[in-house]
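Chain lettering (A, B, C, D, E and F) follows the sequence in which the chains are written, and residue indices restart at 1 in each chain.
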Amino acid sequence: MTIAIINPNASHSMTQQMQASCLNLSLHNETRWYECLASPVSIEGHSDGVEAAYHLLEKIRQLENSDVPPKAYVIACFDDTGLDAAREITASPVIGIGEAAMHAASFVSQSFVVMTTLERSVSILERNLSHYGLVNRCGGVYASGLPVLSLESNEESYDVVRSAASNVLQANRGDALVLGCGGMSHWVERLQSDIGVPVLDGVRIAITFADGFISLKLATSKVAGYAWPETKA
Amino acid sequence: MTIAIINPNASHSMTQQMQASCLNLSLHNETRWYECLASPVSIEGHSDGVEAAYHLLEKIRQLENSDVPPKAYVIACFDDTGLDAAREITASPVIGIGEAAMHAASFVSQSFVVMTTLERSVSILERNLSHYGLVNRCGGVYASGLPVLSLESNEESYDVVRSAASNVLQANRGDALVLGCGGMSHWVERLQSDIGVPVLDGVRIAITFADGFISLKLATSKVAGYAWPETKA
Amino acid sequence: MTIAIINPNASHSMTQQMQASCLNLSLHNETRWYECLASPVSIEGHSDGVEAAYHLLEKIRQLENSDVPPKAYVIACFDDTGLDAAREITASPVIGIGEAAMHAASFVSQSFVVMTTLERSVSILERNLSHYGLVNRCGGVYASGLPVLSLESNEESYDVVRSAASNVLQANRGDALVLGCGGMSHWVERLQSDIGVPVLDGVRIAITFADGFISLKLATSKVAGYAWPETKA
Amino acid sequence: MTIAIINPNASHSMTQQMQASCLNLSLHNETRWYECLASPVSIEGHSDGVEAAYHLLEKIRQLENSDVPPKAYVIACFDDTGLDAAREITASPVIGIGEAAMHAASFVSQSFVVMTTLERSVSILERNLSHYGLVNRCGGVYASGLPVLSLESNEESYDVVRSAASNVLQANRGDALVLGCGGMSHWVERLQSDIGVPVLDGVRIAITFADGFISLKLATSKVAGYAWPETKA
Amino acid sequence: MTIAIINPNASHSMTQQMQASCLNLSLHNETRWYECLASPVSIEGHSDGVEAAYHLLEKIRQLENSDVPPKAYVIACFDDTGLDAAREITASPVIGIGEAAMHAASFVSQSFVVMTTLERSVSILERNLSHYGLVNRCGGVYASGLPVLSLESNEESYDVVRSAASNVLQANRGDALVLGCGGMSHWVERLQSDIGVPVLDGVRIAITFADGFISLKLATSKVAGYAWPETKA
Amino acid sequence: MTIAIINPNASHSMTQQMQASCLNLSLHNETRWYECLASPVSIEGHSDGVEAAYHLLEKIRQLENSDVPPKAYVIACFDDTGLDAAREITASPVIGIGEAAMHAASFVSQSFVVMTTLERSVSILERNLSHYGLVNRCGGVYASGLPVLSLESNEESYDVVRSAASNVLQANRGDALVLGCGGMSHWVERLQSDIGVPVLDGVRIAITFADGFISLKLATSKVAGYAWPETKA
């Protein structure tokens, strides 16, 4: 059985990097990784999100129509782009990396802090946080100022993120750090070691949750907000 | 100067019906009406919303690139489909009919009730309500069970909506009714007369607000969450 | 048809200044401006508010009993002094400049900041904000320290307000500024130009909304919290 | 030393009835009872409240200027009419009977229910409840439909209130009853006996708190929202 | 590596029943089951909880001092008895079955309903729900009226719970059911089949999460609220 | 009649110090002071709290079984350790010093600040604050960094607390200070004089409230969350 992990943006290198950071996970199911080539190369703001959600749904419909559809889906963008819509068009569970990381953080800390990329993403994440109910468990959502694609690489980016994270943890008395972009996934162990608080990477957590949901036979409710789409007259 | 009113679904008859219900408005600006022909014929749930938002953005980009771009936009779906994304891609104000009706209701009542179409839309509207901050001013969001396109017409539909509205107003001690779908726009005066509380139709209110925003020279902030989209590398 | 704009304090020069800042609005209705000569000369705190509300109601009752009562009322104090009581004693819509500005800000920004006069007014405005539901859309309410009547005039006052506004916008990552006193109305364009984010002046917004409500035939609900006053035995 | 208990309405018989219900309280200070003869005879809604607050402040100013000003004040209207303004104009503590009863209820129950007089008062009390922070501790605010002055007397009124209270306690799984009008004060023991849950009467609780605050030397803060009124230029 | 699942009450048969319902889970780690023999036989209310928490901590300290301490802990009482204290005294992650079920429900539904045992437990669970942030995702917490130990067995109990669950799901428009007691664990599949919405059993979910947290190397933060206990002077 | 004041920790000197600070209170009832010798010497964090709550219940049961049980109980730890459980096992009212101080603060200020001992206690107090409903009335909970037992004595400790309190009051625009530990009780007058805002000490306030509740015959509800413990089969 397989878990489909879909990066809603078009960056194959980002998909690869996230995949690499998940190699050491113990899973009962196979993972398959996808990106959405018609999407923007990175999701930075609402309009990128609308386009990416559109192509994400296309990808999920295509997988659902395949011979052996996935048993679970992970949406590998911290904005949880298209999450609710995805839950309408499949019976398998769908997990966003943002919700996975933020919920998990509430199991190991009293007040986590989220470090994302650009200031423009902050209000998107705050709204998700509010919808998930975790506002009171979060000391704040902050942006390092580094765009998504700059995270793939170098030492300089790492230093900016580590330094920004330390500052906001201290200023907000936070006791855990949530990485607010899939592109930071490869830094999780290094950051945890440097900063001294739990560091949560949504990619690995969401996949682990998806693996567990398959074992638990947990599926999305189909009676109200996530019912199958209406047939139009 | 013009206000562009965009119905994000593909139903031209619904556009026409909304337009008809706005004939008696006093406005300083001209209105232009559009629908999105590649969208679903009605927006019922999250996945319809993702598709409609995608085509709505296309339409706005096209109007922005026209010789005389609109001075304001109205999104004529009560879900406020694509509202935040739209605000990124234009400097003109963008107003959703859902937010317009619900905010306006809070000026004339202590506790309004929203009557929408299908149960599946309730959680979408509740989330918007929460984002707009109006949860404590709303006695509840309820569905009549009638799909969007059935609203265009007949006496039977009217009776279902009127009866459902009366019931939830009483059960929730509501003092105003918000029509939770653009397709109910043509019933506003009749319902108000039958039910005896203010009835708020987002289509007419949003256009009136858009007209006023133009006079006030109020434009969307471009410094954070609604900044112009990033240029990708 | 007329909109009555009532300044609940006794300062005629403040009424004149607000009126001057509204000259360029496009309206369908005539405006008439009033102050309350028996009120304190400025409303700074709760007890000033109680007195001003008392005299405001007197003025509204008097206008209601005139030959041609106004079709809408605007209460031109940012505390929205006496707003709910006013809605009981007239069938015409009543709009406060505070609520108008703060609701409007939520249409053009993700997180606005309010700059008012004295620290003592902050908790009054925070409570209004909470009642309107906009707490999560507001980065904070701050006081410049300048009393109401000092705003009428000079360059020095302007500099204090502009500087305070810039600081709190930055500290709170705000993307719009709401002017927290009718006396700042004349600075709206200058501040917007100097600060680079939308600046919202409740006086002009409330009048524009009142003008629109007349066109929409929107009236206050008379069935519960805003019902006509009881006849006493 | 004295506690001034001020009924903000004009009904002397209501004052007398409240006073009678307080005869068995053990207090360290003397009580003095007042009403506001220029006020409406009962406070039912916002505009009654504005007038009553105005006359309440007059009364407090007069007492403050007397030879031996009171050491504490109780505002004997469940709406807590003029409470914040009163706190500005005296250094002595001021306690509203509504806040006293609702806070006290949170010490002896998990979820109290409020039974008030007319539907129009519900939204006023809900707003106070929200300001006091007790929304989550309250199962709901309900109206018996009986106007304030009808509570003074007869068996029939008692039956209406008792029956309404029982119903809303059951429907809301409440475990305590708060009497939402000073006029119900004389029923507290009888209701408690008939209904079987704690019944809280704000008049007696507020006076007891005032008595304790004098012993504790607790006074209202004078540095921000409750600072002494500004001297006008 | 092992996961310790501790039933904080003294009922061995309840432990056995929960264990039986977990036989078909796919896990990477071994499970070890414990109860607390000095605790009450069931946890029904606050004082039972205080005693059970005390003995739970004893058990955890004993396991921490064993040769091979567990890699994760599950607290198998839906009240999440002693959860925060447990997180102080071990470096391994600790998961409550209540929090696990309610968080998981928010991944597969828009509005879940909790069905617990006795009315007295409702306020305890509501407070947990509020702390976890999931109030807005929960349609309500209800009690079947059946005490904990009566759940172990018979057909009659099943019918009471199934019927109560169906009623509250309908009345609250819920789309998922959370089993509010570990003792209902063995009914999860049968209920799901009978009721037609996802049914969430915290025991199995918490163990699955614990298994995943071990794989993710997620540990409790030790810098603030969950820091190791202070050494007393 | 007596009020039992129980210090849930084992420190007799702390009990004595609190007792000394209450000498000048005017009360109608006698006070009796206790500590819990089997508890930790100070309560700093969740696991200390679990142990202290266990021994607190033992003490209350013992007093309940004495010849003349107390008429009211005060729990003299600012965490309100075991408060809800205590309310189950006695019919007399039980008041925590934390809740007493924080509720009282909301009667004399618009925004109080809490100064406690160690950072680890902050999240405990924030959760209590949230349960009591007073989040919006509190500018923040802060720790001086001084452990509980260091508060008993010297000038240096006083300076640390006074300085920390001044700073957070200013930074949060607070207008009252709540002492977040019973061990600070003896500083209340000195701090109030030095800082210039009302300073609230829960020990004295809770005892005064308990004294008043006895006069009011206010007892804990016994119908739902605080019902007498279940008899186990």
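In this text, a contact is a pair of C-beta atoms (placed from the backbone, for glycine too) under 8 Å apart; a residue touches a chain by one contact, two chains touch by 3 or more.
Just so you know, these numbers come straight off a predicted model, no measurement behind them.
Contact with chain C and chain D alike is made by B, F.
Under the contact definition, chain A and chain E share the contacting chains B, F.
The chain with its Cα centre farthest from the Cα centre of chain C is E.
Shared residue numbers account for over half of those found at the interface formed by chain E and chain F, and the copies are therefore classed as meeting with the same residues.
On a Cα centroid basis, the chain most remote from chain D in this structure is A. The interface of C-D is repeated, with over half of its contact pairs matching by residue number, by E-F among A-E, E-F or B-C. Once the centre of each chain is set as its mean CA position, chain A and chain C turn out to be 43 Å apart. Our note on geometry: chain A versus chain B, Cα centroid distance of 30 Å, whole angstroms. Centre-to-centre spacing of chain D and chain F amounts to 26 Å, using the average Cα coordinate of each chain.
Residues of chain C found to touch two or more other chains are 87, 110-111, 119, 122-123, 130, 136, 173, 224-226. The list of touching chain pairs reads A-B, A-C, A-E, A-F, B-C, B-D, B-E, C-D, C-F, D-E, D-F, E-F. Listed in rising order, the residues of chain D touching chain E in the complex are 110-111, 136, 173. Per the touch definition, chain A reaches chain C in the complex via residues 119, 122-123, 130. The touching residues of chain F, counted against chain D in their complex, run 25-28, 93, 95, 99, 103-104, 106-111, 131-137, 173, 175-176, 196-198, 200, 204-205, 208-209, 211-213, 215-216, 218-221, 223-226. Of all residues in chain C, only 40-42, 44-51, 53-54, 57, 82, 84-89, 118-120, 122-124, 127, 130-131, 147, 149, 224-227, 229-230, 232-233 touch chain D in the complex they form.
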